[in-house]
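Shared chain: subunit A. Partners: subunit B in the first complex, subunit C in the second.
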Partner chain A sequence: MVFSSATFLIVFLPLTMALYYLLGVKITKSMAVKNLILLVASLIFYAWGEPVYIILMLLSIFFNFIVGKDIEQAQKRKNKKKAKSLFIFAIIFNIGVLGFFKYANLFISTFAGITGLGLRPLNLPLPVGISFYTFQIMSYIIDLYNGNIKAQKKLFVFALYVSLFPQLIAGPIVKYKDIEDQLMNRKENWGSYSKGMNRFIIGLSKKLILANTLGSIYASVQAAGTDNMSVLTAWIGIICYTLQIYFDFSGYSDMAIGLGGVFGFEFCENFNYPYIAVSITDFWRRWHMSLSSWFRDYVYIPLGGNRCKVPRVIFNLMVVWLLTGFWHGAAWNFVLWGIYYGILLILEKYILDNLVKRIPKILRWLVTMICVMVGWVLFSAPSIGEAFRYIGVMFGRASAFADSTGSFLLTTNFALLLIGFACALPAYSFLIGLLSPKKRSRVILALTPLLFVLCIVFMISETYNPFLYFRF
Partner chain B sequence: MEKKKVNNKNIKSRKKSPKKDYFVYECLSALIVTVILFAVSFLSLIGKDREYSENENRYLTTKPQFSWSSLMDGKFMDDAEAYLSDQFLLRDKLVSLRTNIDVFFGKRDINDVYIGKKHFLFEKPAELNEARLKKTTDAMNNLRANNQRINTYIAIAPNSTEIVKDYLPSNAPVTNQTEQINKIYQSLSGYTPIDLCGPLKKAQDPQELYYKTDHHWTSKAVDIAYAEIARGMGLDPAAYQYQNLPVTGSFQGTLSSSAGIFSAKDTISIPTSPSDVMYRVTYVEEERVTTSVFDQQKLNTKSKYEVFFGGNYPEVVIESSAPNEKVLMVVKDSYANSLIPLLIPHYKKIIVIDPRYYNGNIQDIIDTESVTDMLWLYNANTFLNDTSIAGKFS
Partner chain C sequence: MKYKNYLIYEVLCVIALFFFIVWICATHSGGTEKSVDEVAAPVINVMTQDQMARKSNADAGKAFGIDIDKTEGIVYYANDNVMDVTEMLIVKLNDSGDTGEFKEAIQNRVTDRKNLYKNYAPEQYALLEDSVIKINGNIVFYCTAVNSDALYEAYKKAL
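Right, the complex of A and B next:
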């Protein structure tokens, strides 16, 4: 199930909220009941989209719950060897499951392509959210092994941590240590509820009103192919995608954080206006922060981080970015995208450092954004070859600078692009800061309900599907 | 310490600090959102289901039937989602609100329809695909080569984007259909081309030549095309004096449906029947005979253009009392449906073939019916996208 679906908004969310607050908060006032309601809701939420793969998630939960307990026990008995082997076993299991379900197809087809063997890919559909919940589970196992946390004693609480529906399928990747306490003790209150509800609507609007609309523009640009594409069209296309992916992803995070708030949780932030970044390093401090921090804590720092000699740091960085690229999807262009950022970050760190400081900020921002957009071409193109052709068109390898397709796209989507810019850059916060505090309050009172109604309008109208048998 | 804090808070709240004020409004707006959420949910669940959507011209999804197999393969979930959104409160209103918002913010193309000026909607023009066109024209040239004695004509009508240019949204990318049509004509050998672009472009009120809400041409365009075709085929237009009579003023066609814009209505007119010629129409595969090329019933449906012949059929034969021995075969798309009635008095027999639906052997018909003339009548978009001619004639 996704948040922007009719099933979620009309049935699932109201039902879950009503049960949670009536049965859990008002009648029984019991944490166990509240958690149980959330767990059942979360499992239904997952099973709704993945009726078969829920078994995989449950297996993963059982396995890690038991191994987690065993690791703790081994450590208590000072049996370091056993703890270590259990730990390695758990990590191999988790990476193995992720690797098999996410990457087996890619490896088999690439291997078959290179060797010419007639191997058939497995064509397993990717279990939704597996990259997210596996990483959450691994944060639990690693922190447990390192002695940062205690093992969770109750299976259903651990299951709730892994499957908690607000952040289950698209993050943020919440580390167990950050949420351990909230799983057992949290107090729902008006503050977190209303903040959460407003945040949820902001996220829903980003997804339904902005991301989907912008996405359809990029899809049409991409579908037309690079053969007759003008420079203008290519730039409009990739700007739309740049905005789309931000609104889509950060919108989802907003919804997750918001829904978390509705049920009394406080999740970590995931985005901080990434498109005002003035360097690539800055960009990655603002984009998908929970993933970057996961890789920093569990890969980069264990490898030695930047407290080593330069070649080792470069190696560490490249490992992290290769993995980051790979994490985003089972295709070689994601790997290329990861390597691209690895190289950019190393360049920035060691070579361009002094130069960058002398350039005016606005120029640094512009260069950063161009690098980011080129990155998104690599990220979104159907193949690496197509990505390079698209980048070629952006930088002038085209039959024309502008054509009617480009100018039509620009004039008919100008307002949308402006709204997109205003929302991706902190223009809203700036504008609302100009208002008196009293007016500011009035704006929020009118804004979220209005946005919610608009979201419903956009969600329903997306499904408009005229049947045109009398077409010819 | 603790006490001091509380005191501070009290002072703040007495002053009605901006922060507190903001908090109150945040709670209020969250409350409104919650009320909307539950109200929408409640109304959706008690609302009465609609079976059919006139605007979308389809049956809406009804309550999904639960079964374990549909649950396991996810069909139940898909059906539930479709059911909830199909039966959503005020669905049609929301869709039209959405298109209004889109158009307000500058959008001028929705679902491959251009939103033109003065409520004029345009079908996005088709691109010329060289490989596809070659297959079509090869098949047509082949047919022509096997039937040397038949007088063969081709008339391809331009679409509204080529003729009603003033009403197009600014900058809308359109193809040059006159060029495309000339290219088609040049790829054909032995076909006498009839130019419709020139005369239609010269018309005084080009916006009258196409429906605002549908991709077809109007009777006014048909009048002009008829005159050209008659001239090209050596017919005497004076032999048939007719008038166009409006039969409906509430036509909202395919473009309205595609875009979800129902702001304008069109008028459909039909020509008066010839006074001195009787005819009968046979729908061959359907084994149905009528005495009129018009299907009045269709005026009560959404697809009112189907008043001409009741729509598209694989093979329709019109036999008339015209005093000659000429047999015409028309190979066509739906543009021809409104023009063929005007050809009736000129031929003893007209055999209308729509290759998209016809599956028999055309050469057999040509031979057994001793076809003397052949007219290919299409609009540019359909012809350029067509794959059935190559499929059926090669």
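Right, the complex of A and C next:
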């Protein structure tokens, strides 16, 4: 089910909220009942599109719950060898499941291409959100093995942690240690509810009003092909995609965090205005923060982090970025995208550090944004060859600098692009921060219903409604 | 602390995963190397005269709210009469990972149309109730018709 669909907004969400608040909060006042309502709702939410994969998720939940208890038992009995074997067993199981369902096609077709063997890809449908929930499960197993958390005693609470519908499909990736207490002790109040609903509507409007509109422009640019594309058209296209992916993904994160708030949860932030970053390092501190911190805590630091010799740090960085690329999708252009960022970060850290500090901030921002946009071409292109052709056009290998298509796109979408930029930068937060708290809440109270009505209008009139991060 | 042996559950999980993978590969994998027109040809032959007319890819995109850029090919037939819900869609996707999204889009259309026809066209509502939505690898098949079973059988044979 998609947050921006009528089924979710008109049926699923109101029904879940009504059951949760009436039965869980008002009548029984029981945490177990509240958790059970959320668990059942989450399983229905997940099963909506492709019900067969709920079996896989439940299997994964049960296996990791049992292994977690077994690891804890082995540690309590000082049986380190058994604890380690179980830990490795669980990691192999989780990576194996993720690898099979997400990457089998890529490896089979690549192997067939290299060897010339007539192997046919499996073409299995990708289980929605598998990358997100597998990473959440792995954070539980790793933290448990390292002694940072205790094993969850109740299966249905663990199942709720993995399947909690607000963040199940596209994150943020919530670590068990960050949410452990909230699963058993959380209080819903009017403040968290209204703040959550407000955040949800902001996310919904980012997705429906901005991301979808910008996305349709990029889709039309991409559909026209690079053969007769001008430099101007290519830049307008990729600027639209740059804004689209931000509003799409951060919109989803806002909705997830907001819905979490409605049910009394506090999820970690996932974005912090990434497009004001003045370096690539800065960008990745602001973009998909839950994924970056996952890789930092569970891959980069265990590999030695930056407390080793330079060649080893470079190796560690490249491993992390290769995996980041792979995590994003089962295609070689994602791997290339990961390597691209690995190289940029290494250059920034060891070669360009002093030079970068001497450049004016505005120029650093501009260079960062150009690098990010080139990255998005690698990310969004259907193939590596097509990505390089598009980058070529952006930097002058085109039939013309500007053509009628480019001029038309610029003049008809200029206002939209300006609004997009204004919303991607902290302009709204700055302006609203100037108001007194009383006036601020009045403005928010007036704006939120207006935005919601606008979202409904867009939802009814638009049919093209995909979430870019769903396929990860 | 009493020792509990969890090994049996862990092994059972692995065995269950193995059988799940075998089952999903048998039922959901494969797709076809054939083009979408090749798959659709025998299905079109099963259609009765004037049952449906061919529509464009853009029509399919608009009707189902699907992103046609994600498809390798689309064959979409529908009845021109607005009071007739008969239609058939076969989509071959570039990436089988997108099948869930397409299936959901089709389900949403069926649900919307059911709500629309429920009170004043019960016979059309009954057809929608018997709609067939199937995924085979990277191919999505959808059909609402009086002879939907025959159309589906033809599709299965064509894969």
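Here is the rule we go by: the second predicted complex is superposed on the first by the 455 of 472 C-alpha atoms of A that agree within 3 Å, B and C clash if a C-alpha of one lies under 4 Å from a C-alpha of the other, contacts with A are read in each partner's own complex, and residues count from 1 in each chain.
Just so it is clear, a contact is a pair of C-beta atoms (placed from the backbone, for glycine too) under 8 Å apart; a residue touches a chain by one contact, two chains touch by 3 or more.
Source: prediction; values computed, not measured.
Asks: Subunit B versus subunit C on the shared subunit A, clash or fit?
Replies: In the arrangement built by aligning on subunit A, the partners subunit C and subunit B clash.
Asks: In the superposed arrangement, does A:K76 touch subunit B (first), subunit C (second), both or neither?
Replies: In the superposed model, A:K76 contacts subunit C only, not subunit B.
Asks: Report for A:P437: first if it touches subunit B alone, second if subunit C alone, otherwise both or neither.
Replies: After superposition on chain A, A:P437 lies in contact with subunit B alone.
Asks: Who does A:L126 touch here: subunit B (first), subunit C (second), both, or neither?
Replies: It touches subunit C, and subunit B stays clear.
Asks: Per the contact definition in the header, classify A:V52: touching subunit B only (first), subunit C only (second), both, or neither.
Replies: both
Asks: One more residue to check, A:S5. First (subunit B), second (subunit C), both or neither?
Replies: Touch status of A:S5: both partners.
Asks: Which partner, once the models are overlaid, touches more of subunit A's residues, subunit C or subunit B?
Replies: With both complexes superposed on chain A, more residues of subunit A are touched by B.
Asks: Could you say whether A:V319 touches subunit B, subunit C, both of them, or neither, answering first, second, both or neither?
Replies: The answer is neither, since A:V319 touches no partner chain.
Asks: Which holds for A:T405: it touches subunit B only (first), subunit C only (second), both, or neither?
Replies: first
Asks: Which partner does A:L352 contact after superposing on A: first (subunit B), second (subunit C), both, neither?
Replies: The answer is neither, since A:L352 touches no partner chain.
Asks: Residues on subunit A in contact with subunit B in one complex and with subunit C in the other?
Replies: 1, 5-7, 48-49, 52, 463-466, 470-471
Asks: Enumerate the contact residues on subunit B facing subunit A in the complex.
Replies: Residues of subunit B touching subunit A: 18, 21-34, 36-38, 40-41, 44-45, 55-58, 71-74, 77, 80-82, 84-86, 88, 91, 94-95, 97-99, 101, 105-109, 111, 169-174, 215, 254, 257-258, 260, 302-303, 305-306, 311-312, 333-334, 356, 382.
Asks: Per the contact definition, I'd like the list of subunit A residues that touch subunit C in the complex.
Replies: Of all residues in subunit A, those touching subunit C are 1-2, 5-7, 48-50, 52, 55-56, 59, 62-63, 66-67, 69-70, 73, 76-77, 89, 93, 97, 100, 102, 105, 120-126, 128, 219, 222-223, 330, 382, 463-466, 470-471.
Asks: For a test of understanding, state which residues of subunit C touch subunit A in their complex under the given definition.
Replies: 1, 3-4, 6-7, 9-10, 13-14, 16-17, 20-21, 24-25, 28-31, 33, 61-62, 64-65, 67, 69, 94-101, 103-104, 107-108, 111-112, 135, 137-138
Asks: Considering only the defined contacts, which subunit A positions touch subunit B in the complex?
Replies: The contact residues of subunit A facing subunit B are 1, 5-7, 9-11, 13-14, 17-18, 48-49, 51-52, 190-191, 193-198, 201, 403-405, 407-408, 411-416, 419, 437-438, 440-442, 444-449, 452-454, 456-461, 463-472.
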